[in-house]
Structures are given as structure tokens and as C-alpha cells.
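This report concerns only the one structure given below.
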Amino acid sequence: MSKRGFASDNNAGVHPAILEAMASANEGHAIAYGDDPLTMRTTMRMKEIFGKESEIFFVFIGTAANVLGLNAATQSHNAIICAETAHINVDECGAPEKFTACKLLPVATPNGKLTIEEVKKHMHGIGFEHHVQPRVISITQSTELGTLYTLDEIREICSYAHANNMLVHMDGARIANAAVAMDVGFYEMTGGAGVDLLSFGGTKNGMMYGEAIVFFDPQMASVFKYQRKQGMQLASKMRYISAQFAAYLENDLWKENALHANRMAQKLNEAVKDIPGVTVTQKVESNAVFAIIPPELTPRLQEHYFFYEWDEDRSEVRWMCSFDTTEEDIEDFAGLLRSMST
Amino acid sequence: MSKRGFASDNNAGVHPAILEAMASANEGHAIAYGDDPLTMRTTMRMKEIFGKESEIFFVFIGTAANVLGLNAATQSHNAIICAETAHINVDECGAPEKFTACKLLPVATPNGKLTIEEVKKHMHGIGFEHHVQPRVISITQSTELGTLYTLDEIREICSYAHANNMLVHMDGARIANAAVAMDVGFYEMTGGAGVDLLSFGGTKNGMMYGEAIVFFDPQMASVFKYQRKQGMQLASKMRYISAQFAAYLENDLWKENALHANRMAQKLNEAVKDIPGVTVTQKVESNAVFAIIPPELTPRLQEHYFFYEWDEDRSEVRWMCSFDTTEEDIEDFAGLLRSMST
Amino acid sequence: MSKRGFASDNNAGVHPAILEAMASANEGHAIAYGDDPLTMRTTMRMKEIFGKESEIFFVFIGTAANVLGLNAATQSHNAIICAETAHINVDECGAPEKFTACKLLPVATPNGKLTIEEVKKHMHGIGFEHHVQPRVISITQSTELGTLYTLDEIREICSYAHANNMLVHMDGARIANAAVAMDVGFYEMTGGAGVDLLSFGGTKNGMMYGEAIVFFDPQMASVFKYQRKQGMQLASKMRYISAQFAAYLENDLWKENALHANRMAQKLNEAVKDIPGVTVTQKVESNAVFAIIPPELTPRLQEHYFFYEWDEDRSEVRWMCSFDTTEEDIEDFAGLLRSMST
Amino acid sequence: MSKRGFASDNNAGVHPAILEAMASANEGHAIAYGDDPLTMRTTMRMKEIFGKESEIFFVFIGTAANVLGLNAATQSHNAIICAETAHINVDECGAPEKFTACKLLPVATPNGKLTIEEVKKHMHGIGFEHHVQPRVISITQSTELGTLYTLDEIREICSYAHANNMLVHMDGARIANAAVAMDVGFYEMTGGAGVDLLSFGGTKNGMMYGEAIVFFDPQMASVFKYQRKQGMQLASKMRYISAQFAAYLENDLWKENALHANRMAQKLNEAVKDIPGVTVTQKVESNAVFAIIPPELTPRLQEHYFFYEWDEDRSEVRWMCSFDTTEEDIEDFAGLLRSMST
């Protein structure tokens, strides 16, 4: 299974520059639990990106970034509004409920993007003690369906949230893919647009492990160091997470990787969209291609390339491109599909 | 701070062989979340060590191994009996209570080792619904004070626990140091002695991150895969944890590292124990040396070597040796202390 | 506000026979926390109704019966499937999530009754650790919309649940109203139809406080006494809850009260259904009438009789009848509405 | 078992005036969940006692008052310092841990009263993320051993707590017994002495059920209405709890009942203290008598009067007096003990 596939950007390995940075950090002793110089430097670097007021914390994975971030933003009687397809809603085995005790209020969406109109359907019973009280709107950028919120859409959601005494969380597991696709900076798309807290991921874009939580309002982070430790997310040998982020942000490695993955998705889209029996179902805006294909082809294709069915009932599949996907991979895969389809 | 110190075996870096194994794993794609061949092979290797019946799960850190393991072994009305000095009791910021909802019942100990006599003081109210019901005895091997339970002591605790409808959890964050000190195998000291579940650590002995939970009774693990995911401890790129464990267990790397760290502790003990004003307070059985030193020397020594005060009131300090501690480090440090003391 | 209204059967007082029974229990000392003879007798009486295998526990309120019952039937990675309108989903301020840590999976329904077809939409990801695992289907009888599941519908849901390794919980806050409407016994509609656990309520039908949890499988209740205590639902002076249930079940008081409330709802339905501008929106099967009325009438009517708007957007209101609603109340209220409408 | 005993003031029944008030409240409809006039009036009455700034909430039982109050005062990484004998520590089956996720830090005491000196032993690791952070000192008045904190002791504990960024919770399950014993008002002993939140109980002094949580700082109660509902402690027919409190506070009923129970304890103390083989072990300051008696007498006495062993090892028993204990009960019981002892 060492061959590259289209199952997940999590299946890709680690970018060599990241691995090198980790090896370079492996020298002598460093104070554990984040009080080392490399962690301090990397944190400062990220504060340059996200604003001096921001507070940055590293955790192990995206699920933890989402859950601990949401936990810091809520009390247990609150509710979190999110798209039905959100990772926090369907892919974290109830970790948000377990850790925050909040209820998630899902919003049906055709394209992974929630709209204020749909959010409003959950905005009742405010002040009524029998109901959970909505406190956070959580959006994913790029979404689980590979689509993008425009800057205006993000700003509008943030304005609506703030006007209704709510906060906005962004799950940025693939924020690099969004940033390069829209050609805007990380801050512009997050804190600059009104986002209150961000899960900033890199693992799907060439890192090994480690995710950052960015609080744009430092008040929200006032006891976060305890919450991270209690949440079992304080790394002892923190320097190796910091080394990854340092390398990821240096020399625009994140950008290079994300641009490449997005480009491969575009290429894949181009290569398959006119194959008979294939319908691309979502706008290809980042590194994902969703398509309906003839059901009998799925297992046959999977013998050659691993990927997941997204919606069995309609025979919809998901193909993810990674920083290490090659043009040959695309050509070979699309060629295979074309040959099977005709 | 890249100089080696005696603060913690967590401050040491990563053994080169581990790093190399991680780099070797970095090839092509691998199914995420543990369904990759390397993870399967490593798990099989560990089942050879811990018994075919055992179930092995990787998580990110020791706190998580302890907490998720205890969670699998308890219901929320249960209590967990442990030494007052146990990591779960004083160093995990309440993570066990938060995640398991159980009460911890601490047992005072002079040397980090709980005794059945002390455990018995918590064994009342059994069957009485107003009281939490003791369900797990948690012991640490080697203990937080560097001492060791003998095989007989472990067996006796396990017998007592089982006779009273309880289970035994072992926090093995430094189990390698214990195993080499006692010259017994991992299984003999754990499942073979009656232990029901084990946190098997390597980070303090040359790994970068990753810890294993070993369930000796597979029944206890029947839904653990969900509990791990919900506990935010399922690594996406699992192969890099597996690579570490594979290298750690291969060619007795764990043994070599632990033997060295223990030897350094013995050497340190020898070098300081007769310095005027210095009293070694615990038996030096693994890689830790606890000593009372003249209070005015602590800050002066810390200018040269970082380490922690253990008990400020009695001016007791803790010195930890690592796989990378050198004889020169010991000689230099002990020489410094001697020169300051006289 | 001592006038009777149509807001809620919770606004009614306590039936005199219940109050009398409580006074009669007020003699001498009785062992606290349920070890008194009256509690034992009442529990035995309920086991006669629900089966010798059943286990009966009293708690203070319906929310607690639901939440503690569901807690006993689940682990934290499970999900609970319920109607979107279920009390556990919208009226308990997130208590189920807080206490069980489970996710609730709501099912849209036009009439408060979930269907297997809709349940099936949540039955994916079984065995997949990223997803919560459905474990309980929770139904309400009579529903929050005053409708009834037929015996066949209950049996079918139970069969489906059991075939899929799930359990069925019934929220029986108004089970008496259902039982008399369908003219079937409590057991026939619950355990006899396959229901695994039941919240058996009486407060909405003339009791003061106190609800029973009925486990049809005693295994599920094996540690429930601890869970109830830890759930803050073990009454010290239990005899006063037991006295209420004893009186409620004696001489068919429950039946008399429920029959009356249902009859009043029928009468109300008859009296309003042909008033111009009024549309009764749900089948009137128990003690509730749902109706769309001209929006401007709602506040005018509320000046005379208190009741709640159910759905502001469509001007739908809810009118509940109680054991103490009188024919005059109905006539007066309907007359008022008619005079306002014309 | 309708005979009076000395097992618990919870075994006593309900004072007739309380029962009468409940019956009087049973008229017409009243808005459920506490929005009824009687609840408003009773709450206002209690605010007169506890200060205009105070916020008052009713719950069902003392365990809930303690747990929900502590929950409102803490975050999950906090710790609660209490006497080892505290009800929250040993008699609530882990409800505080389950609901607040905080760790309880018990303090050994000879007489149920914690001292600042003992509290200080837990005051380390402040600001250190690996440790839980002490946030509340919880004291019980009168204590579980029947002893009393003096006003000066309460003030001193509150000063220490506030100087260390902590709050003081008082478990006042038997506060009436304390108030009459010390002849001070409720406010003087609580908010007036610096206490931040209070569990105000009446069930052990003649009420049927219902307990009040008093927050002296309204800020702490800002979202408490949701926390109470989520905590399964919002009564639907609230008026019957309010009626009890109204009657309890009217005409000094609470005082009369508590004075009587205390007097009976004094009388019991007088009657038994010089019986050969009997040693009263705690100062008799409220309505409890603790005594060591010859072990063989315990079962023999229990044939006549029910009571609990407190400490089996030393043959220490607990005798509680209630509002309905009679002089004859005392004389008969003491006579019996004397006759058995000689």
C-alpha cells in the first residue's frame, strides 16, 4: 500500500523539509512541555501571522484542536451550530459532546457551506432555560466537500454571529488549500474577517502531526493551558511539533504544497469530467474532487487506487489530492477510469 | 538550553535509531488511522511480547494512555486507588476525573509504592450506593520516586485486587527502566504478574511521542477503538508512531537506553551521596536520584544544570538521568556540587 | 394565575387522593433513601405491572428518568436516535449530552412519530470508529404532538432496533394518556411490545413530583443504584414519592385522570375545529390539541387563558388538557375563541 | 419501622405545618418551572434574609445543591478543598467529580472542621498547568460530626480563600441547627462572614424535599438557570417546594425545629456520657452525638432503635436527633443503653 492513492491527504507522507527540520531539532536537551526556545520562536512567528493579540497553542491533532477550542469558547449548556457534514459532527466519534457537553445543531447543506438562513432555524428559545443556547457557529475552510466560503461569506457569518452574541470557529484542517485557492493571507481569511478561533492544521498538507489552536481574543485563552493539559494534548517533547510548524511556514512550504495539491485536483477534474457516466458533483475549489461514477466501477478502480465512497446510495466517491500527488498519478488514474467507462 | 541537564528524561531528545526509522517509514502513501502495514506488524510484534490475547492500541502520550486505559476499565461511579504521588493524581491536571468521572483515592506512601495495608483503608462502603466503588488499583513502575515494586509485590497487589473485584493498572511510563533494573521481561512484570492493563511508554527512553495501551483481557478493549477516537487520541499518520515502537523494540534498543540511564543514576548516586550536606532520600533503583541538598545550593546549581525541586519545604531535589546522559555530565555535575558544598 | 389554563398539564395541581396519600405516609420515622416499607411495597406493586424481571427506580423528574435511563443503556461513544421534537432533544437543555456524553441523532417527523425509514438514514458508519454508534431509539408515547404510536408501530420499531443491536427507550411522561386512549395495559405497550426501558411519569397526570425508571432487562440496572445517586436523583425521604405512586396506581386513579384529560381534549377539538380561521394540525389522540389560529388572536386569548405558541412562524399553538380541566373551561375558552374569530 | 430512631434526621417525617402549606398551595393552575407567584414571593423572602444582591434557586436535594453550586463556581481544571469527612467527598457517590469534573482535595480533620494550616498543604503548583488549580474551599455547618465553625473561623477561612483567589462554599444541610446553636442569623454566618455560595437545606429539619442554592455574588449565577435545568434539578411543579420554604421560614418554624433537635442531642449527651463503657467523642454542638460504645452493644441496641455505626474499627456510633425526637425517646434509649452496659 505504499503506492499513492486518492483516499485522503492523510495518507500522504511527510514533506522532506519537515522531516529535516525535526531531525535538526534533535540536539541536546530542551525543556519539556513547550518551554523550549524553538517553541517560543515558532509561536512568535505565528503571532506575526495571526496578530499580536492572538494566542497560539499546539496540540496533537485536528480533532483535538476543534474540540479543545470549542470547549474554551463554550459552557456546557451552549450549542454549536455547524454544517451537517462538518468533521466535528460526523467524524470525531462524539468527541465534541464528550468533552464540551454541548449539543451540536447540524445544518443541512448541499455543498458543505452553511448559510445564515439555515442557521436562523436554530436560533430560537434564546434565554429560555429549557433549550440549549447557541454560542458558536463552526465553519470549515475549505469545507469537507472541497468548497470554499468567500471572504464576504465569512465576514457575513461573523457579523451575524457577533450580533447574536455568538462566536465563530473555523476548522482549518485544510486552510492552506483555501488560502492559496483564494489567494488571501491566513489572517485575512480568519481573524481579519471576524473569526474568533481557528484550528490551524498542517498534517493534511505535509506535516507529520501537530495542529495549532489560534485564539484571536486572548481572553478566551486565559485558562487554556490547563484545559489543554486536562484534555491530554500537551506534548512533552514539544520541540518536534514546533520544528514542523517552523519549517511549514518557512519559505512558503505550506503554499507550495497546497498549490500543488489544488492544481492536481483541477487536473483530475479536467481529466474525468467528460468521461461518460462520470459527474463531478461539487465545484472543485481546493484539493478534492467529488464525483458520481457508475457503481460497478468503484471496486474495480479501488483495486488500483485506494479511495473512499462518500455516498453509497448515489454512488458518489471522493478523490483527494495531496502535496505529493504527481501528474502521472492523475493521468494513470483518469486513463484507467476512462478505459473502464467506455 | 541545548545542554543536557537532569530535569527530566522528557528533556532529552530522540535516539538516532528512532529518528531513522521514522524517516524510513516516510515513503509513499499509507492508509491513515492505523490501517497501515507497519502498524499491523508493530502491533503483532507487541502481541508476541504481551501475549496473543492482549490488545494493543497506540495513543499520543502517557497521560492519555493512563486516562483512556482507566476509562475503559471503569464506570463513572467507580474509584481508582493510587499512590498520592502518582502521575494520574498530581501531574495530569485532573484529566482522569474529567474523562472518567471517577474519584481518585490517594494513598500516602513514603516511597511512591502503595501497600495493601494502605489500600484497605479505602475499602469500605462496598455495595453502598452513597460511596464510590473502588474498581482499579493503579501502580507506577518504576515509581515517580524512582523506586521499584518487586515481582512479589506486584503479584500480591494483583491478587488482592482480583479477590476484591478490582483490576490493576500499571503506569509504565518508565517500565523499561524497571525491567532492566530487575532483569525481568515486560510480560513477566505485567500481565504475567496479574496486571490487567498497562500504559507502555517509550518517550522518556528515547522516543519522540507515542505510547501504547496494553489490555491483557481483550474484553476490556471491546469498544476501545471508539473510546480512543472520542478521546482525541487516534493519530491520522499512525505509521510514524508505529515506526518508533518498531525501532524501540528492535535490537533491544529500549534495553540499551534504559540500562544506560539507570547506570548513570547509579553513578550519580555514588558521586554525590557522601558530599557533606547531601542526603540521598530514596533508594536509587532506576534512573532517578532524589536528594536533600543545602537550600542555598539549588539556585546556584541550576545556573549550570536544569533540574526541579521536588519538595521545597525540605529542600529535596530530583535528578533524572536519560539515555543520553554522559559520564562527563555526571562527573561535572557532581564535581560542581561537591565544590559548592565544601 | 390560580385560574386553570391550557398551557401545560404541569400547571395543574395535585390530585387530592395523591396529597392525602402523602399525608398518610407522614407518620413516625422511615429509613431514608428508599429502604422503607412503603417504597418496597410500591416497587413490588409496579413489578406486578411491568413484570417480575423488571427493575424499578424512582427519581425526581422526567428529565432525570430519561437521562439516567439512557445513561444506563449507553456508553459515551453511542448515539441516541429520536424525533426532532423529542423532549430529550429540545426541552432538556442538553442534559442528555452532558450526562451521557452521547450524540443525539434527530429525525424529522411531521407528527412527532419517528419511522424506521427515517431512522435508517442514521444507520451508517456502523463499526467505523470515526462515527458515533447508534445504540438507542427513543420514542415518546404519547408524543410531544399528542399523537400515538400504534402497538404495531412500537413492535416494529423494537424489532428493528433489536435486529440492529439497539435498544428502545420510551419516554412515558404521558403514558397514562396513551394507555387509556388505546385501551391497552402499561406492560402491553412497553415491555410486552419489546421496549427495553421506560420513563414512567405521573406528574403530568396528577402527581406532585417523582418519576419511575423501568428496566425490563435487569442486567441494564446492575449498577443503576450508583448511577442514580451520582446523578443526584436519590431522594432522602423517598416514602413521599412512593406514597404518590401507590395512590396513583390504586383504584385506577391514573386511568380516571387520563381518561378525563383525553376527553376534555376531544371536547376542545370538537368545539374549535370548525371555527373560521382555526385549523387543528395534529390528530387529537391524547390530551393535546395543536391548532393554527389567526396570529392576532393569540395575545388576546392569552389574556384570558395561558397557553404556549408552538410554532410562531405558522401561528401554531398548543392547548393541553389536564385531569382538572372542566367542561366549563372548554366551553368558555372555545366560546371566547369563536367570538373573537367572527 | 414507623418508630422513631436515631439513625438520621432524614428518617424523620415532615412537620405538619409544612404539609399544610403544601396542601394550601394546591389550588388551581400555576405556571410550571418556577414562574408562579408563590415561588416569586418565597424567593423575595429569602433575598430579604440573604441580601438583595443574592440569587436564590431551588433544587430537589442537598447533593444537587452542593454539586450544582460548586459547578457554577468552578471550571473543570479546578480543585475543591474540603474536609475528608465532607458529604461531597464521601456521601455523594462521586457526583461532584461527575458533574464538575473537578478534583476534590480532602483535608484530614479530627473533628470535621478544616483548618487553614491543613488547607495550605494543597496550595502548591498554583499557575502550573500540570496541577489542578484550587478554586473553592467547601465547609459544612454544622459539620458531619455535629461540630460548629465559630464565626471567626468562618471569617478567617473566607479571608484566606479570597486572598488566594478562591471562593468559599458552605454545605448548609444542617445550617438551622448551627444558627440556633450559635444564636446568629443565617446571613451573619454565611454571606456576612464572607461565604460566596451556600447550600441551604431544610429536609433534615422538617421539610419533605427541596433545597436552595444561595449565590451571594449574582455574577456567579448568570447562567445558573441553564445549569440547573441541564443538571436535572428544575422542578416542574415548583410551587410545592416554594410552599415548603415559605412555611419553614415563617413564624420561625425552622428555629423551633432546630432548637428542639439540638436540645434533644444535649439531653442525650447528658444521659449517656457517664454510662460505663461509653465515650462521647465529639463536642455536642448541634443535633448529633458521636460515641464509642462497647461493640457488642451495637447490634443489641439496634434491635430497639435504628442508628448507624460511624467507624466500625473503633466501635464509634452516630446518634442523630430530629425535630420530632421526644424526651421519652431519649430517656428510653439512654435507659436501655445504661441497662445493657451494667
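In order of appearance the chains are A, B, C and D, and numbering begins at 1 in each one.
Simple rule for what comes next: contacts are C-beta pairs under 8 Å (C-beta built on N, C-alpha and C of every residue); 3 or more make two chains touch, one makes a residue touch a chain.
Note that the structure is a prediction, hence the values are computed from the model and not measured.
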Field: Where chain C and chain D overlap in contact partners, by chain label
entry: A, B
Field: Fewest hops from chain B to chain C - one hop per pair of touching chains
entry: 1
- line: Between chain A and chain C, the Cα-mean centres are separated in Å by 42
Task: With chain centres taken as the means of their Cα atoms, state the distance from chain A to chain D in Å.
output: 50
Message: Can you compute the centre-to-centre distance for chain A and chain B, using the mean CA position of each chain? Integer Å is fine.
response: 33
Field: Interface hub residues of chain C, defined as touching at least two other chains
entry: 33, 76-77, 92-94, 98, 129-130, 226, 229-230, 234
Message: Quick check: in the complex, which residue numbers of chain D touch chain A?
response: 33, 75-77, 129-130, 133, 223, 225-230, 234
- request: Show which residues of chain B lie in contact with chain D when the two form their complex.
  value: 76-77, 79, 90-94, 97-98, 101-104, 124-125, 129-132
- request: Give every residue of chain D touching chain C within the complex, in rising order.
  value: 1-5, 7-8, 10-14, 16, 19, 22-23, 25-33, 36-37, 60-64, 67-68, 92-95, 98-99, 203, 208-209, 226, 229-237, 240, 306, 322, 324
